[in-house]
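These are the structures, in structure tokens.
In the two complexes below, subunit A is the common chain; its partner is subunit B in one and subunit C in the other.
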Partner chain A sequence: MTAEAASRPAAAPEARGVILGEWIAARGGLVLLASGLLVFLTLPLAMILMRSFEDRAGAFVGLANFVRYVQTPALAQSTWNTLTFAAIATVVVVPMAFLFAYAIQRTCIPAKGLWRSIALLPILAPSLLAAISFIYLFGNQGLLRGLLPLAGLSSIYGLPGMVLAMAFASFPHAVMILLASLSLADARLYEAADAMGTSALRRFVTVTLPSAKYGLVSAAMVTFTMAVSEFGVPKVIGGNYPVLAIDIYKQVIGQQNFQMGAVVGLVLLVPAVVAFVVDAVVQRRQKALMSARSVPYAPRPARLRDGLMLVYVVLISAYMLVVILMAAYGSVVKFWPYNLSFTFDHYRYGFEEAGVEHAYGNSLVMAALCAVLGAAITFAGAYWVEKTRGADALRPVVRLQAMLPMAVPGMVLGIGYILFFNSPANPLNVLYGTMAILVASTIVHFYSSSHLAAVTALKQLDGEFESVSASLKVPFYRTFGRVTLPVCLPTVIDIARYYFVNAMTTISAVVFLYSPKTTLASISILHMDEAGAIGPAAAMATLIVATSALVTVLSLAAEHFILRRTQAWRRAAAPA
Partner chain B sequence: MKPVHGLAWLASVAALAAVAAAPAAAQKTQLTVYTALETDQLKAYQEGFNKAHPDIEITWVRDSTGIITAKILAEKAAPKADVIMGVAATSMGLFDAEGLLLPYAPAGLARVAAQYRDPKNPPAWVGMDVWGATVCFNTVEAAKRNIPKPETWKDLTKPAYKGQIVMPHPASSGTGFFDVTAWLQLFGEAEGWKFMDGLHENIAQYMHSGSRPCAAAAAGEYVVGISFEYRANREKARGAPIELVFPKEGLGWDLEASGIVKTTQKLDAAKKLLDWSISDAAMALYANNFAIVAVPAMSKPLPNVPADYASRLVKNDFAWAAKNRERILAEWSKRYESKAAPK
Partner chain C sequence: MTQDEALRLEGIRKSFGSFVALGGVDLAIRRGEFVCFLGPSGCGKTTLLRIIAGLEQQTAGRVIQHGRDVSHLPPAARDYGIVFQSYALFPNLTVAQNVAYGLVNRRRRRAEIDARVGELLELVGLPDAGRKYPAQCSGGQQQRIALARALATSPSLLLLDEPLSALDAKVRERLRGEIRSLQRRVGVTTIMVTHDQEEALSMADRVVVMNHGLIEQCGTPAEVYEQPATPFVATFLGRVNILPGRSLGAGRYRVGDVDLELPVDGFAPGTDVRIFVRPEDRHVEGDLAAMPNRLSGRVARIDYLGTVCLAEVGCDALHQPLTVAYSLNQLHDLGVREGGRVDFALRPDRVRVFATG
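Then we have the complex of A and B:
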């Protein structure tokens, strides 16, 4: 389990065979990963491009589909709507998240851990939950609908509801990035500013904001991309405000027009890829903020500022909690808004009449498979890319493919899967309609962040481990099993949890891929809402939050336990 | 902890994936049935069928009429369904025209009224029941806003209803489609579209199922939900403050109908389902939900539905509706979907 264990010399006679085996395994792993990403990511995306140039019968028609797209006013309108929605969501969410992160990292408010946990709660909920809650809150029979006219709105359906729901769903993603970018600051800059008598505002604009600008760009791009590709929110609360994600669904599911679906998918891909590239270019220019001479900045108490910030943080936390609790309340109310007595009928309806227990079971199975397989594949993949040698030409290709899912909206991935796997000519056609395709699409959909987490953890390990093992003729997998994996175990658990929670809540890719036997809990919310059964829809959404929360708590407990058992070196480590 | 061997690990990953992909071993005859029936009806029908045929297991593929119709047409080269049950007769007409259905005379066909089955012999499809237009009118919300109860379709174009009406989207919903075809047949093409132009001014949302507009009216989200009698009665039974309104000019309607898909490998089981679908046992189940069932003797009055319901239905030309489906939906979309969102 320790470095010494790994560096024990291997027995000499088996060395040659081991080296050959290692040569094959190292390259084989890389080839396997590259071909996996090719089959489950790149080829399905390539199919979208191909199909967009074909007519329904499969004949090449050049740009005819694109011309028809541009000439269909309803479709062109939703492109504009999508960009408007995403822009407004970004402008709302990023400052909201920045101020929150600022309060946590740069002020002396109490109970920071609590606020931070509450801010991350939306990750546990399907975005549909937020949309349902805002109907309960601000719908025509909403609890707080009296507030709408104050904001100059006549109805929550459409853009207002979509932005409010998105502010819930994308908030934790923006806040995590900004928390990280505000976590470190050079105190010397602040001291210099104070010495020169700079005003607090000027200091904020000239010191704090510039140091967080890369985080701000990232947070903006993540929020924008999430909003562009969001499906559940506009489906439930979008009213007559069509967006591209809805158009894809209508074309592919409603009209089974896969070619036009492919065209809309490509259109949807453009803003997402632009955001991805902007972010990548900006991040490349980021230089280290902290140098060896830096002094970490620690906020000092300031009564007025801390007081105001605490009020703000409490308000934001209340926003997140109200959304979740509203759905939970809606799920136990007999008949909104006319009979507010308590009932479990909606849970019973969902489970018995609508046969949702089957969907919930499927969701659990899928989430567990995604967690186990996803964590294993992602971590092993990152290891192969970062820590093995040979087949160097493949590495950049694999790295690029590993980052690609971040730029691909789930709806687009889903339609790529239909086109690729449902083609009778494809030998992998047997996967279509199975649980396996749901697991594969979900792992690929959330691959990039997991891959990054794994790479970060692996990079913390000195490359010397591998060189020493190699020179001692210890096969790489022994080093992996004895050193790398145990050291990185907390990260592996994080990745597994990330896959589990996302698999419980996702709808975007799987809505195209589920079959009657593999329908999922998140999708059943969509169907119940469509049939007007909003109580049961709220019940299922609440159940998903409860499940994700339980699994999160359990996995954090497991992590804590493992850290104590196997990571004693972290505390005992002597200075290098 | 033992060192984990990379390849062994990979092998177990692959094995797990294979397990996940393997379809469950089948013991009973598995019948894939495409349907647009309501989720809360399916359970009773399935139990009824399994009481007679416990050896056949139905896998329902359920979606709204428009989606199921598009799916069946898209899969016509390699159909996945064995039976289509509870899908609009206008859609069945389309499938028949595409040669997708296997004509079959279910046992007891003579009991089915002539207007509720495909007139050919043997018929490509047979009806189960009639479902027809019903307006859900929320009396509590209407009283708050001083909105009068509508008596006719034309009433709904009055300014009093502005922003208070929801109806199903005709491309997604069978209910929405028969509303539109009924108006076109009642008022004539030109007048019909003019009526819908006026209605559009008052529509708050086009929804994607026939049920949701009534559920929305029942919950007071809107005052008027254009829907159908089954959902209206269900909502009223749950305690919703709604009244069922049957506009005077006439009600759009369609048949829920069933037929066998020509390519099925499970013909025996498919025939058993069709036989059951017009049996007295099945008709009794349909009669709990709908006022008119295909075997007239089995119809029974439904609460809140007038006794002369049958005579209020418009004369619906299924052949015309099926033939013009694509044209009507394109025209509808051009008029009402390409406009920027109202309000």
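Then we have the complex of A and C:
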């Protein structure tokens, strides 16, 4: 036996370099992240607040802007419209998504993976696409507009079209939350209910619903916030039904009235923040419903229920597919609905005459940058916040800022960026009108969900990896590269994909920030729709869906390949 | 500070807000010693270990390792290896890479590292496990891999944080012996945190019994078990009967209607005391009539535990039941059965007496 435990100088010289390096890296990373969030999130938002109390000349006017806002009937009307629209969308989408998630998780219908994938398709599409499709179907030249009177409607433009389009756009977000909350159920509760002879209805009300309660609240808040903040759908199919997001756009872009834009932005922020707080409070109350001793629930076949559920799931899937395929179909017919012969003219027109080629290229570049930089910053940021030591006062500040974007509608973030970065006094105003500001705003806009995903993955790692490394005198950043990152690689790829797809489809924040040189594909849809060129608009929307879908498939394949190549340890999970 | 001293803790205090986790701990540990911190959960034993490791910062007090004040040094600047309850093995690295983790950083030659890893795996009895991943190893093997990794850099201090508590009873018992003999061979000063008294008594040179953030007693396993310094130690370690009584002076105590003669003095007559008697502190065979402190009673219940069985004896004279241990053989030889009468005498030598209050 030669393992020597002889006394030796306690602080080996190599340890000193490690300690200094760690000290700097731990605090430096946090300070960098905190200042990044400060400059690209908090200060722009603070700017909105400041500007809302100023007149056009920049003089402090107290609440004058707010008074004027309340006294302008058109503006006050939009507040009411926005809330009405968001409430109806929530009431429609949440039960629709709950039933769908229930069918997937709690019944024995076939081909669950297929239905689930179809339900998630709208994520790949800009929300504008749904609006365009419903115009194709029910618009003034709509194929099915004859059906409108049957539903008691005179026109699709306005609230009806907005709700239909929103049901498409927000469905996957609600469904994902509900799928997760219905995925875990303790079979013992169901067995206990059955053993006591509980009726199916009572069992549903006393066991199933309570366990999904938090998911339902969360899904409702997400849907509500999405609808409140939505810009693309009301822009395209809103008709004479003004909402807050449209008002901001009109005030800022149309009238260059930044002060009133700031006021409307603050008004828009209120419902979004309320929803965010409600959700946060409810989630905090949620305790772990599954204990280590829980037995997972496996549904048993029931012919009538499974049959009805299958019909429902097929109908929902058809809804999603019809919306996407309608836009795709519309983009390749000559003149809807009078000449349905096949053509690539709309694509050609877009690329050759409307300068869309340029916009599409910009979108690809921006999405790629967001994916790479966003995934890197988000994951490293989450690691620095959760796993390093020192500068502990900064941590809660960073955590709060990381969650803030979830409560901030894109339009509000966008106007904050204009006010902050367009100010001549700001040395950062060189960023204004560049690709960099588009990338920054998009990463910040979608930061919260990505941050949460990264934190969740990190929390699944043993909390003592860093302590073990320190005892072995290995700096934490080396353990980050050698262990943490490889183990969390699937999550990092997921985050990159999330950023890419959202960067391709987003319009809300960037609509204020693009320049002629950096215009984006999603924004060009808006412009072509404004110009009445619905065919090219559909073509661009279709192109975006196709690109997002392709990138999703490629990244899933890459993930699969990388996991096979580098992650042999995952397959070794069973003791040999 | 003597040449022989590996670690000295001076007045270690730790508060979390208003909660006092450690209320002033002083302790010296000799080189090569195996010390167990033993106590119920929340007694501060893990916090104390983490302060020694530099993973927590003490509110006050000093940590001195080999004469060097390390109180405010970060973990990487201290000299120790650590094994956590979860082992914290890196799942994506092979067993050999895990063990070599701290060696690679020290710019040693590849061959040198490989030789050291082989040596360590040999040491923990897993010479062929190097190419496996942790998930392919059993819990007991993972535990030993973590031990090998902690010992790889030849630290002068080994810290074990409940290293056996995640394992099955059988494996745990075997590993106790293995860790103990490994520690003796390597000679590394070791501190182990545990809430399992059997583990502490069977492995440690010295047991530090902790409660409410303070050291209750520090001594060899025999000392803390046979001469518990406080009522807490007496009740926390093993089973004990507590007899409320009154001192009559000169080593005599009145319990119920019985006068006991015990070799414990120092209580003024009339002092209320509690007398701690372990179930095995009794004579059940031999010339009981000639012994002092004779008692008798009816067996109310027998807990059959195998090698040793515990009989709950209702002693009218004591006004309370007493748990008395019988070996399985004695149980049969003496015909002890539920409802039957038994005679026995208390062994005064290990009985402890504490003032009430």
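FYI, the second predicted complex is superposed on the first by the 560 of 576 C-alpha atoms of A that agree within 3 Å, B and C clash if a C-alpha of one lies under 4 Å from a C-alpha of the other, contacts with A are read in each partner's own complex, and residues count from 1 in each chain.
One rule holds for everything that comes next: a contact is a pair of C-beta atoms (placed from the backbone, for glycine too) under 8 Å apart; a residue touches a chain by one contact, two chains touch by 3 or more.
Treat the numbers as computed from the prediction; the structure is a model and nothing was measured.
In the superposition on chain A, A:R478 contacts both subunit B and subunit C. Within the superposed three-chain model, A:V468 lies in touch with subunit C and out of touch with subunit B [touch as defined at top]. In the superposed pair of complexes, A:G197 makes contact with neither subunit B nor subunit C.
Of the two partner chains, subunit B is the only one that A:G139 touches; subunit C does not reach it. With both structures placed on the common chain, the touch criterion links A:Q256 to subunit B but leaves subunit C unconnected. Contact with subunit B, but none with subunit C, is seen for A:P242 once the two complexes are overlaid on the shared chain. When both complexes are overlaid on chain A, the residue A:V372 reaches subunit B alone and has no touch with subunit C. Of the two partners, subunit B and subunit C, it is B that touches more residues of subunit A.
In the superposition on chain A, A:V487 makes contact with subunit C only, while subunit B stays out of contact range.
Comparing the two complexes, residues 1, 478, 482, 486 of subunit A contact subunit B in one case and subunit C in the other. Against subunit A, the residues of subunit B that register as touching in their complex are 1-7, 9-10, 13, 16-17, 20-21, 23-24, 32, 38-40, 42-43, 59-64, 66-67, 70-71, 73-74, 78, 140, 163, 171-172, 204-209, 211-216, 218-222, 231, 238-241, 333, 337-338, 340-343. Taken together, the subunit A residues at the contact with subunit C in this complex read 1-8, 10-12, 14-16, 18-19, 22-23, 389, 462-465, 467-475, 478-479, 482-483, 486-487, 567-569, 572-576. Contact residues on subunit C toward subunit A in their complex (touch as defined above): 31-32, 53-55, 65-66, 68, 70, 73-82, 84, 86-93, 101-102, 104-107, 119-120, 123, 132-138, 149-156, 159, 185-189. By the touch criterion stated above, subunit A contacts subunit B in their complex at residues 1, 25, 29, 32, 72-74, 77, 135, 139-141, 154-155, 157-158, 239-242, 253-256, 258, 334-339, 349, 352-355, 369, 372-373, 376-377, 380, 424, 430-431, 434-436, 439, 476-478, 480-482, 485-486, 515-517, 527, 530-534.
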